[in-house]
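Pasting the structures in now, so scroll down.
Two complexes, one shared chain (chain A), two partners (chain B, chain C).
Up next is the complex of A and B:
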């Protein structure tokens, strides 16, 4: 936890220092990448001609995908740098861009961080390479994540439509019903914790990713990006709806004080201390590798909704690859990126190792839908997860400094979880802090 | 009262016969336990499988004794990148801390034994430099290095490590007392050049101070975290500290592969060399801490 804060501070300090100068010097060469012929044919030509590109990612399947790619295009050499994770990767990319040196040709960026690099003008608009033709391949929500301000900045690699993962054993033992609404969820949380005070239906210590996804599901639209103009609505109805619901869990002491991704969390997922997680469709892979003890106990159901009735979900996590400006080989980079996230073989490698796709055809293929997960006791989990991908509510936008905003969320809203203080007040403070930060960064913010 | 005075006086301790204090011994024992518990936890945890690590009491053994399996796993995971990190760390320590020691010795000696205009200013700058934490300088250093095209190279870690204002100060204090000016004058009268005097006479007298400074520099470079974190992109250039953090971060996010066992075993392997260095060079460390504390 400590290192996370130090790291966030470091990243923040760097970004703050660099922000001013970078915005100033990035305006110059808007399109040095094209070199004349700029369309899909240019990419095919680049692949034929060959060359070397630098690819930064933390995707575990990257090695196998590159092997497959180099088999198909032997003249192209892809140098892989494993960046370890989203946080480090963002800092490193920001550093490379500020240094103007060592900028990768293709780099993985979380959906929530696309704006952080697009708004200051660090990314290459892929429209010039005919990427608009690929739109129909992807789910609407992931496509929306890689397109903003009139450009196409990447191709979706995966998606994280949300679902409810629950421990069947615990549900049976304590006679809980699988909730379809958040009201039922709260009732379950109470029943479980009263029956066994060592068990929790839910854990949360102020996780920004979960909170923003739940605001998204509630129809929240607190952030609007239009060019360099950022609107932060501190009085958003969806945010209030989330806060009203989640604070019931907090006030009744029903939220386990366990931080996500910690060793304690993995243990709790394995031994039934935490009975549910509401996260993206990539969660089965995490459970399989991180909580082997939970095998056969877990099941998946549609995400509970606020109002009942029709299924409404949100996205939670997911990444795209982008081509930064200043890359030494942008055309070949774009060609690799196109192959990486739209070629059948590449997506197959990605999915075979537990990746959850963003491509409509793969989400609806019979093989995918009929897959029976051993870990989930033979449940056809992809039927639930693919349905979730189809019911993601549209309209959500992330802040152009979402990664930073997420780190201060813990500071502003975390106390509400520790001492049961007012959750909504914490969120308001967070939104106001973001208005302040955005202005400091030189954005036009009207909050 | 008058009768009690001599008895008290007799009980007063002298430097030759230190008084034994039960209270102090207990406090010291508590500190020993306090300092050793995390180490014990680390050693015990490194013998467990990931499953046992998460599901058993931290300060006692549990499950299969997987110590050697863990070490082999840590050394071979991701194509043996840990060995590479270990070699990198050794390079950073040998070159970085080595340069730091040489520079600090030369400059500290020069400042202590030669009178020249501007000496007070140099001294003031060095005292000021000690007060600035390295972390605060990391970002400006990064910006400077990126202009020079040195980021993401080994030099980015080695060059800043080669500067040790504290080491310089230590040598300066040490040289003032340990190298008698009369001796230097005698050498000059006998016709020895300044370099020869330094190499044959002063350096020998300075040896304990030099070892102390190198020990400080080695520990600082071995534990260096923030500077390589912002300077390096390429995992192949990482020192152990950043490498372990990278493994730790693999437990977070989509596609997470929690390898807590490896982080723990790796941490144990990381501290072994520095603990050995410490045990061997302990007495110099003490010398360093008290240098300048007593005026002779």
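Up next is the complex of A and C:
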């Protein structure tokens, strides 16, 4: 009798467990299937019905954007988690996905990391919610960043078309010409460093983000991604062009040995030790908060080009929000994401606090273009930066594992910076390391 | 009758003893259990899980599959792994003896009774250990800086690049200096407590026999410290093989020198958290664990022999 009861209990428990699993499975299935048939209207319905979503981001404006959103849709509650930065955020997301628990409904991802999450099938294709209709709102280069392998995986939040930021005071004092070509830039670098050996026109310690952006501007296309097939060209003309130009700076000892984003870097930007940075259009915000001593000294100009003539630039940084698979509330998440990166009010909050938008209309609005920056001594910086957004060269693709590739870039080119050895050899070693890594990760790589 | 009466208490006594013994055994188990639970959860389980992980491979394309010992064969032929392992070995061979000798001298000095302000010295030498590791490295990172720190002032003073910590030939020395600064006090405390346990009668006897300070050190104090020295050495070996914090923080300042595979721990960290190769990282952790255990065991065997 006793054993029978025990058996019955065990069977019941097992059934409950299985039932739970089945329910959980079917719950997931219905969501996915329902999602498959839904469109923009489903998102509107979800917003009306309300609910709670989890949002992970490191966007400084997120809190204000959420406040604005909850005012408009009082039934929706958005729980914000500040992930601190791209690196930590990727790790955290990867862990949640691996654990299959605590996956956010909406999460910020850098453009260069979209592939890392999309290819293994971790992201929800937003085409099903009618996101294709939003295409015309965004610049071509940012839209290309969120669409790959036949799907739409997010909406662009910001963009980082590159420009040259330079310290006017230093340029005037040492009689330097604002460079329009990289040749002129190298000449300036030499003139400045010879006049004052403690000052540098440029700093770099093998930063992969800067290097890939400069390869991009040189017309380089070392990576071609087609689903699980990755082509890595270890002898790309654009990559060579970048290497030839940058190694002139290194070989003549004109590159300051100061790492970007270090305390020393911020100090050097403030006191004129470093006279220029070539980075994305989000740089004004960084300068304002990170180098307050530089106020009134800095100015912005178009990025120097390799060949002179027509303005050509590249993107540097920038991110999107995505809806991961396994999110508990994907429909409402997609609805929030649509509002976040396409609604006028949201974008206004974003821009008011120094964000550089990815939306064409905002990039060309009079308010935006005529804005005079106090930090830049009253210069209408957005005119330069918006023009840069229009001259981004197309066709560049990042590796599906770009975040990892960036960490080992410095390992491979380090000797070139340290001992003035062959930079191009270092870059080729890096490309070959990526061929190896891609194969280890199951990609078909022909490099 | 007499035999009976003698045997009966004897048997009862035996029984009582046996009962007492089992009770004692149970009590012993009770005392050990909390530790065993912690040990199983915090040591055995993670090690087993790492072993399990090391037999699989997870790919961005293709998911997880069982690969047997493939990760191990890959690790044994991975130059990036072994260059890091070799680096920590060099670090170990040079830094650990220097640090332990300094700690020993400090302990002997504090123990000699001839030092004014003994407690002050003891605390001052120990204090760096109380500074959180990360803070200590950040602090030294600033001091090493040629543009912002002490190094810059010294170089300006002499007019030449006298100290250049952020170069390939000096970076390991620079890290060794930080680690030594951090842990001399800790090791000194181990030695000092060893010295305090030496009976003062031995010193008196030695003094009567006409032994001087040096003779006392070499004939009484050092032999008495043998156990402490072995323990401190083993701790230091483990610490060296696990070198991570110091180079990982200096990496932000000198990324072209401190590579992602500078030490085995950094390599495993970067592979698992950025490179998505958790399985391979677990494999390296197991290999490094075994290497460390073997070396520590050899040191222990060698150290517990009678002669030095």
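Convention: the second predicted complex is superposed on the first by the 411 of 447 C-alpha atoms of A that agree within 3 Å, B and C clash if a C-alpha of one lies under 4 Å from a C-alpha of the other, contacts with A are read in each partner's own complex, and residues count from 1 in each chain.
The criterion applied here is as follows: a contact is a pair of C-beta atoms (placed from the backbone, for glycine too) under 8 Å apart; a residue touches a chain by one contact, two chains touch by 3 or more.
Note that the structure is a prediction, hence the values are computed from the model and not measured.
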| item | value |
| --- | --- |
| Contacts of A:441 with chain B and chain C, given as first, second, both or neither | second |
| First, second, both or neither for A:244, with chain B first and chain C second | neither |
| Touching partner for A:267 - first (chain B), second (chain C), both, neither | both |
| Which of chain B and chain C A:408 touches, first, second, both or neither | second |
| Chain A residues touched - chain C or chain B, whichever exceeds | B |
| First, second, both or neither for A:92, with chain B first and chain C second | first |
| First, second, both or neither for A:390, with chain B first and chain C second | neither |
| A:119 touches, of chain B and chain C: first, second, both or neither? | second |
| Contact residues common to both interfaces of chain A (with chain B and with chain C) | 87, 91, 261, 263, 267 |
| Chain A-touching residues of chain B, taken from the complex the two chains share | 51, 53-55, 78, 139, 142-143, 146-147, 149, 151-152, 226, 229-230, 233-235, 245-246, 248-258, 260 |
| Complex contact set, residues of chain A against chain C | 87, 90-91, 94, 116, 119-120, 205-206, 228, 257-259, 261-264, 267-268, 273, 400-401, 403-404, 407-408, 410-411, 413-415, 417-418, 437, 440-443 |
| Residue ranges of chain A touching chain B (in the complex, touch as defined) | 3, 6-7, 10, 13-14, 17-18, 56, 58-61, 81-88, 91-92, 95-96, 98-102, 158, 160, 261, 263, 266-267, 270-271, 280, 282, 285-286, 289-290, 292-293, 317-319, 354-355 |
| Interface residues, chain C side, partner chain A - complex | 59-63, 142, 145, 147-148, 166-168, 252-257, 259-261, 270, 273-277 |
